[in-house]
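Chain naming follows the written order as A, B and C, and within any one chain the residues start at number 1.
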Amino acid sequence: MSAGALPRRLGWWYVAEHTWRAMRAYAWTIVMEGIGQPLVYLLGIGLGLAAFIEVSVADGADGPVTYLQFVAPALLASSAVGITMGEFTYVVMSGFKWRRLYWGMNASPVQPQQIVGGIVFAVVVRMLLTTAAYYVLIVAFGAVVDPWTGALMPLVGTLGGLAFGLPLLAYAASITEDKGQFAMVQRFVFTPLFLFSGTFYPLDTMPVWLQWIGWLSPLWHATEIGRSLSYGSPPGAWPVGVHLAILLVMATTGWVLARRVFVRRLRG
Amino acid sequence: MTPVIAARGLTKTFGDLTAVDGIDFEVPAGESFGLLGPNGAGKSTTMRMVGAVSSRTAGDLRVLGLDPDAHGPEIRSQLGVVPQEDNLDPELKVRENLIVYGRYFGIPKAVCAKRADELLAFAQLEDKARNKVDDLSGGMKRRLTIARALINEPRILMLDEPTTGLDPQARHVLWDRLFRLKERGTTLVLTTHYMDEAEQLCDRLVVVDHGRIMAEGSPSQLIRQYASREVAELRFGSDRNADAAARLEGLAERIEVLPDRVLLYTDDGEALLERVTDLGLHPTTSLVRRSSLEDVFLRLTGRSLIE
Amino acid sequence: MTTTTAPAPVRRGGGVRALYAGNARAILMRSLTATKSSNWAVVLSGFFEPVFYLVAMGYGLGSFVGDLTLPTGETVSYAAFIAPGLLAVSAMNGAVYDSTWNVFFKLHFGKLYQAQLTTSIGPLDVALGEISYALLRGGVYALGFLTVMQVMGLNLAWSAVAAVPAVLLVAFGFASVGMAVTSYLKTFQQMDWVTFVMLPMFLFSATFYPLSVYPEPIQWLIKAMPLWHGVELVRGLTLGVLDPSMYVHVAYYVVMVVVGLTFTTTRLRALFLD
C-alpha cells in the first residue's frame, strides 16, 4: 500500500520544515542571539573583565593562555545550551497545550517518534549555525589558539546543547500544567550551571563541595573539550574521552526519555 | 461492499476507567455517521481509536480494511481530522497553514499550493489567504481547520464537535459546507452533543452513554422509535412541577419531570393542552413542539444531554 | 480692527483626573491576591539569582582578583565590591521583567487592563498599582540580599541601610521606563529587543570591575547609561563612600521616573480612553 509510505520515511523532515518555517517569525531574535549576543559578550569581557584580571587564570598544553581564550569555548557552548532553554521549554509546552500543534501533526500520518525527531533535528541545525557563527567571531577576536582543531567546537557545543537539552525536552513534554516550572529551571539549573561550570575561572578554583555542579554539568564537559581543541589540555586535566562519553550518555538518555514521553502523551 | 469502518466489541480503558465499553458499529462508504452523547460518553476516545492515534484495549477495529494499531500512517494518510480544539499554527499565515499541513502527508509543495487555493475557495476564505490565523473569527478558524483536513483528499473526514462554541450564523455556514462534502460522497464521521446538528448532518447515528451504544438508526427512525410525534412542555413554577405532573398521570404516553418543566409525550399536543385546562391546571407557560433527538436521549438515559 | 470670530470650543480630554481615580491600591491588592495563589517557589526563586552570582563571581573570580583599592585609598574585598553592583542589577532585572513581560502579557493576552478600565479605575491607577507591586517585590528581594551581604560581612558602613530606598528608586526608574516602552510594543518578538538592550548595559556596567579599565570614550558611554548610576549609588552606600556625585545619580532616576510615567499615562490614555 503506497499511501503513507513517504511519511513513514520522511515524517521527521516535514516536522523540521514546519519548525523552521515557524522560526521565521522570530528570525531577528535568532540572528541577534547568533551574532549580536556573542559580539556583546566578547566585547564586554574582552574590554572589561580580560583587561581587569591581570593574572593568567589557566594553562594550556603550552603554558598560560589569555583570559578571552579561556572563556571563549565556554561562551560558545553556553550559546547552544541557551537555545534549548527556549526551544525545548515553552515551545514544546505550547505545542502540546497552548497551540496544540503536535496534536495536529499527530492526526496526520506522521508518528510521535518522528515529531520529536523533527523538532530535535530543526533545533540541532539552529545550534550548529549559531555555534558556527560564534566560532567565526571568537577566531576573529583571537580567542582560539589553534583554529584548525578548534573548528570542531561547534559540533562539541551542539553535543553539549543536546546533553542539556534532551533531558529538558523530556521534562517539558511531560508537563501538563504551567506552574512556572521553566522559570525554576532557568533560575536553579541553567543559571547555576552557567556560573559554576568553570565558565569564568577553572572549576578547581571552587571548593570541592561546589565542584560537583561542574562534574554534572554538560556545559563544563563541552567547555573542557572545546578548550583542549583550542589550546590543548594542561597536565592533570580529565581525558577528552571521558567528557565526550558523559555528554553522549546524557544526550542518549534524554533522547530515549523524550521519545517515550512523546509517544505516551500523543498515543494515550 | 466492505464498510470503511468496522468495530466489534471495541473497548478502551484508562486504568480503572472504562471509556469505551465494547461497542459495535459499521460505517459504509459515503455515509454520514454520527456519535451522539453527552460529554464524557466516550465519543472522543472512539474517534481517537478510529483516527489511529490511540490503541484499543480489546475488541476488533478495521479502518479502510486495515488494523489501526499496525497501520497507523497508512490509515491516517487517508483521513481528514477536525479536532475539537483548533490547533492551527498562529505563526503561519492562513494559506501557509494548509501547505505546511499538506507536507505531513508527503504531498509535493506545488500540489499543496494548488489544493490550498481550491480549499480556500471552498472554505470561503480566499480573501483571508495572507492574514494571520489570529485575525480570523471562530467560525472562520473552524472552516480553515476543515479545509486543512481536506488537503490530502481524505476518504473519511472525522469531525469532533465541529460547531461547539460557534454562534448560530457561523454554525449554519459550517453545516452548509459539510453538506456539500456529503453531496460529493465524502464519508463523514462526527461527534456532537447538539441534536439539531445530528438531525441536519447525519444519515445514521448511534446514541452513546457511559461508553455504550444505547440506540442506533437514522434520526427520524430514532425519534419514531423512542419518542411520540409531539411534546408538550409545561411550566408550573419550579416547586410545583412535580405536584402537577402527578395530577397529569395518564394524560400522555409518557411524562418526564425536569427541574424547570414537565414534558408530556403525545401524538396530538394541542388536544392534550385542552385536557390539561379541563383538569383545572393552569401552567404559567405551555408549548407544543415536534419531538427531537433530545427527547430520544432523555428517554434512553433519563438525563438531559446538555447539563 | 478685525472682527474676531469666537473659536470653536476645544474639547479637552480632562486633566489628570480623567486618568487617575486615586485608587492604585486596588490594583496592588489584586496583584498581592494573585501572588497568594501563585507558585511560591517561583516567587522566592527571584532572590537566589544575585546570590549565585555573588558566590560564583565574588569568591571564584575573587581568588584571582584579590582586593581592590578604591579611589579613596581604602582596600575592599572583591566580593564587597561587586555585591552592591549585583543588588542594583537585580533591581533592574526585576523591575524590567515586571514592567515588560508581565505587563505585556496582561495587556495583550490576559485582557486584564481592559476589564479594570471599565470600572472607575483610570490608566494611571493601573500604572502606579503595577509599579508599586513590582517595587514591593523588589524591596523584599533587596532586603534579603542585603541580609546576605550583612552575614557575609560585605556591608562596610552604616549607610548601607540607605541602600534599600536607593534600590527602590533604581527599580522605580526602570519600571516606569519599562512600562512606557512596553505600552508601545505590539508583538512578543519586539519584547526580545528589550533583552538586547539590557545585556550590553549589564556587561558594560562596571558591575564586576571599576570603570577605569575601559578606554575613556567607552567610559563616557557607560556613564550615560542608567545602570551605571544605579550601581555607583548603591555601591557608595554599602561601602560607605559618600560624595556629592550621588545627587546626580538620584537625579538621573528621578528624571527616568517622571519621563517614564508621563509616556505611560499618555499611551494608556490613547490605548484605552480615546
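Definition applied: a contact is a pair of C-beta atoms (placed from the backbone, for glycine too) under 8 Å apart; a residue touches a chain by one contact, two chains touch by 3 or more.
Protein identities per chain, from UniProt: A, C = Transport permease protein; B = ABC transporter.
Computed from a predicted structure; not experimentally measured.
K.L.:
What are the mutual neighbours of chain A and chain B in this structure?
P.N.:
Under the touch definition, chain A and chain B have no mutual neighbours whatsoever.
K.L.:
Farthest chain from chain C, comparing Cα centres?
P.N.:
B
K.L.:
Going by C-alpha centres, which chain is most central here?
P.N.:
Chain A is the most central one.
K.L.:
Distance-wise, how many Å sit between the C-alpha centres of chain A and chain B, to the nearest whole number?
P.N.:
47
K.L.:
Need the CA-centroid distance for the pair chain A / chain C, whole Å please.
P.N.:
31
K.L.:
Starting from the mean Cα coordinates of chain B and chain C, work out the distance between those two points in Å.
P.N.:
Computed value for the inter-centroid distance: 54 Å.
K.L.:
Would you please write down the residue numbers of chain A that are in contact with two or more other chains?
P.N.:
Within chain A, the residues that touch at least two other chains are 25.
K.L.:
Touching chain C in the complex: which residues of chain A?
P.N.:
Residues 25-26, 28-29, 32, 36-37, 40-41, 43-45, 47-49, 51-53, 55, 57, 179-180, 183-184, 187-188, 191-192, 195-196, 200-201, 205-206, 210.
K.L.:
Name, in rising order, each residue of chain A that touches chain B in their complex.
P.N.:
1, 3-8, 10-11, 14-15, 17-18, 21-22, 25, 99-101, 103-111, 266-268
K.L.:
Which bits of chain C are touching chain A when the two form their complex?
P.N.:
38-39, 41-42, 45-46, 48-49, 52-53, 55-57, 60-61, 63-65, 189, 192, 196, 199-200, 203-204, 208-210, 213-215, 218
K.L.:
Using the touch rule from the top, collect the residues of chain B that touch chain A in their complex.
P.N.:
Interface residues on chain B, with respect to chain A: 14, 51, 53-55, 66, 71-79, 81, 83, 85-92, 96, 100-101, 103-106, 148, 152.
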